[in-house]
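Have a look at the structure below before the remarks.
For clarity, chains are labelled A, B, C and D in written order, and residue numbers in each chain start from 1.
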């Protein structure tokens, strides 16, 4: 799983009665492939994965595997509180035909770093697919410590990391540790610090905002690969301005509803999906917030009108 | 649901292959009823609920409803990350025949206080059973704020609260607020501050340690009802010493594994269950830790030998 | 230093140009003595101690020693970031003639628990006065852990504890540990949980609200000593309602400015001090907030009018 | 105060009896100037400023002003809990002849963002020197929020920021906000993310490790000015390895004692200062830790032997 580049966490369009909207999801997937992305991460946090039961999750994977047809690697999040439930999702993902799994630490239950290692070991032993560890303390409320990641790598239990911790210094220290291990793949989950992450050794990025502007992130990645840091910074600063679409719901809504809701609203305004609501109890963006998203899209050149 | 008194969160004995051990669970339930408890809380945090899938959860409820046969009220935890998944569990619990539900805030996803109100509203609308709100920030990482609980009460969406937040001052302010609403029921989730909680207005307690010594907690409750606070404190202090069984695994294990593991180990030493292991990735107490649990049980008069 | 009972942290009235208002401070001290308090804590957090330089602090102590004239024990806070600066204040306090010191952990600098022990040892070696350790993580951002307090007691470095941590469970475990050491004195810094603190073994309380209603807290303490917990709770619940005077500034001001400002405003309305402002940059209560304080005082029977 | 470049926070060498070691301090200052630094920050956190009383602080400034003799700008930290005490230090600093002040939010007392603005306003009105705001939540436990900094800039109350918050994403958003205000100066307090900070718009860096290797940081800054990011990263990675000297004391000591102690130990091993101890209660590095510091210095080419 020598992943690299831009691997957006795909949002899940919903029908009015909260089912997976297959035609809309296919349009989103084609939009991302047309944007030049290097992989796709299904069933990540931005997909509302923890709102979906097993049949809905299987449905998402079935559609993605069919639509993408091997053009880019597919990662599947297998996110649920505890080991055996994660393994059940992992088996479903394997059956669906994805190329790798994305695994968080257990949550709700408080788990020690040693127990986290056992969690990854159990998933690895149950399902023979590459695993990307997913460090997202804002959701699971425990950090995958550097020493833990070192053990997981040394024992061959993970092949990469998606770091959504926001701790850029720690990420850099990780990157330095992994310099001698080119097969281990480091991705940042940040939308806003991609140029610097690539400069200090990341192999790529998993940007929620990449749902809206995949070509922008691909251009940023290409500039970084050429070491044209001036251009990379220029694109990154435009994407930071665009990221304002993710902030229009707060403080009325939760940050999650504001972020995912902002991405879905933008995709609706771009004509890719017919609805921008999310699973309960997330509040969708209201009319005023939607107008602000529209103005941001227009200001950044993604919408002709408004 | 005019609940009161001691309502232990029942642990779930497991067979060696991680299934619900029905004979052992029945023995634990009889042990609790023999201890005089006033209700039972199935599928709470101490039951390892988030480790169990829906069939396992239904199995626990089926056994409990059958074994208890209406002698005391049964509450069922319906704990999973998001609204619709909670509702699915709530329907299962209703079908099993329990008397009430215990509902936390959503987790993994970060949810605003307003969205939490909508979460409770959706559960209420889906399933016509009394609801006890469960404030457990150490697991869900959001507090059920006093203002939120006020809204939930005012809108008739909850009938009680289990407070496992450890914030005794806030609990007292809640108790004062609810003095004019005798139908609203306040329970502490603390094992260690039950006498003071009852003194300041709690209606009862949901003590994990009550699995091991239900009669002790019932005696404490009875002393409090007579306002014999000297006796209540005396019993509470003995139970605090006994609570040391929940601390023998740390720091080797997580606090959760140490606590639930300590309760299960004690139940095994008391001859009630044949195994003390937990679901993966929780590490069970080792031989040395088990000996320390045995010594504590003996010192507090629950075991003749050791 | 066999302290017990109600030991209010005395506020510091200020002249319009931010100097210690001696006549007003003397009136507050007489008000507290008239209320029957069992000791006085000068230069605590409620006194705005960290706003005062050494001459102002000496002035406060000079006035208090003179006014109190040995009728009750006097404790002096010696609160500043680091060891040698604390010792300098401790020498001033000794020279002023107080009976004991109140010492926090170092702050601003992050200090380990072992370094905290050395901090207390250095103060003890420099100044031969009894020391009450002051656990106030909300200000110093480190907890005096139970193991640390055990070391401090075992090595004879402290004679008591003022616990303003809000962690009532930990306080109870401390009280149990200290049952065999009757000379060690445990005080709660809470205004709201005094009855329960006394029930579980505290020797007394250091309530900021005691500036306003010392007789109320003395009556609560007396009820607790008689083990009349019904009366103690009744008084405590009245004092909880009165505590609303400390909450009228937020969220406009900081919690500190709202609390100390509320106490000072009440003392002004009671005719004891002419000004209710605080040191910069704390914002004093405004006219609207002052009216609300007045209404609360009237509702609780401390003001005839309003 | 158009500051830029490398402005180390100068450590304070101490004599065996804890006084400022003037000859050693002069050697450190010459070492920094020889290294090509662009300014000096006296009485910062690394100087143990909160351990020093006013005379010691004045002594440090007197020596620095004399030794530096105008060759580079001098900033003075005026760090103490509250406004008027900060102003007293600011007057001393002005009298000593420094070029600017470095001001934190108040600490110990909890202060609102609005009160923080008043704090800066009061310092500004009292002392007519440029002010660099110092965001160091790990010490003062409050963040200088972006909206607060916006107000401080708009009202002309500060001329720059030293960001030691470790929140690189927020720092970048600040840098973007300030692009239209070239007179406002942004410095990172990080030792480890200097290349990326400069790439995203910082004007310079205040590295504690710059005490040990000022020429290294100057070379990094020069590479960044030429936009030679490959070279900048190469130097940064060497300095990250060198930073290990700051980590040898933990967990035996506090992070502060380990960091400042590591810098002082390195300066002693480099022959610049005769003692490496710190103010009480900080524990100095022991013999074993010192040997590890020596090995790191040798491995990074700063010491011939070892």
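Following the convention adopted for this analysis, a residue touches a chain if its C-beta (ideal position, glycine included) is under 8 Å from a C-beta of that chain, and two chains touch if they have at least 3 such contacts.
Being a predicted model, the structure only gives us computed values, none of them experimental.
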item: Copies subunit B and subunit C touch via same or different residues, half shared test; value: same
item: Rotation angle superposing subunit A onto its copy subunit D by C-alpha atoms, nearest 5 degrees; value: 180
item: Centre distance in Å when subunit B and subunit C are each reduced to the mean of their C-alpha atoms; value: 37
item: For subunit A paired with subunit C, centre-to-centre distance based on mean C-alpha positions, whole Å; value: 51
item: Contacts with 2+ other chains: residues of subunit A; value: none
item: Topology of the chain contact graph, where touching chains are joined (line, ring, star, complete, other); value: ring
item: Those chain pairs that satisfy the touch definition; value: A-B, A-D, B-C, C-D
item: Complex contacts: residues of subunit D adjacent to subunit C; value: 18, 45, 48, 50-51, 53, 79-85, 88, 106-112, 114-116, 118-119, 122, 138-141, 251-257, 279-283
item: Residue numbers on subunit A that touch subunit D, as the complex places them; value: 166-169, 172-173, 176, 190, 192-193, 195-196, 199-200, 227, 229-230, 233, 237, 240
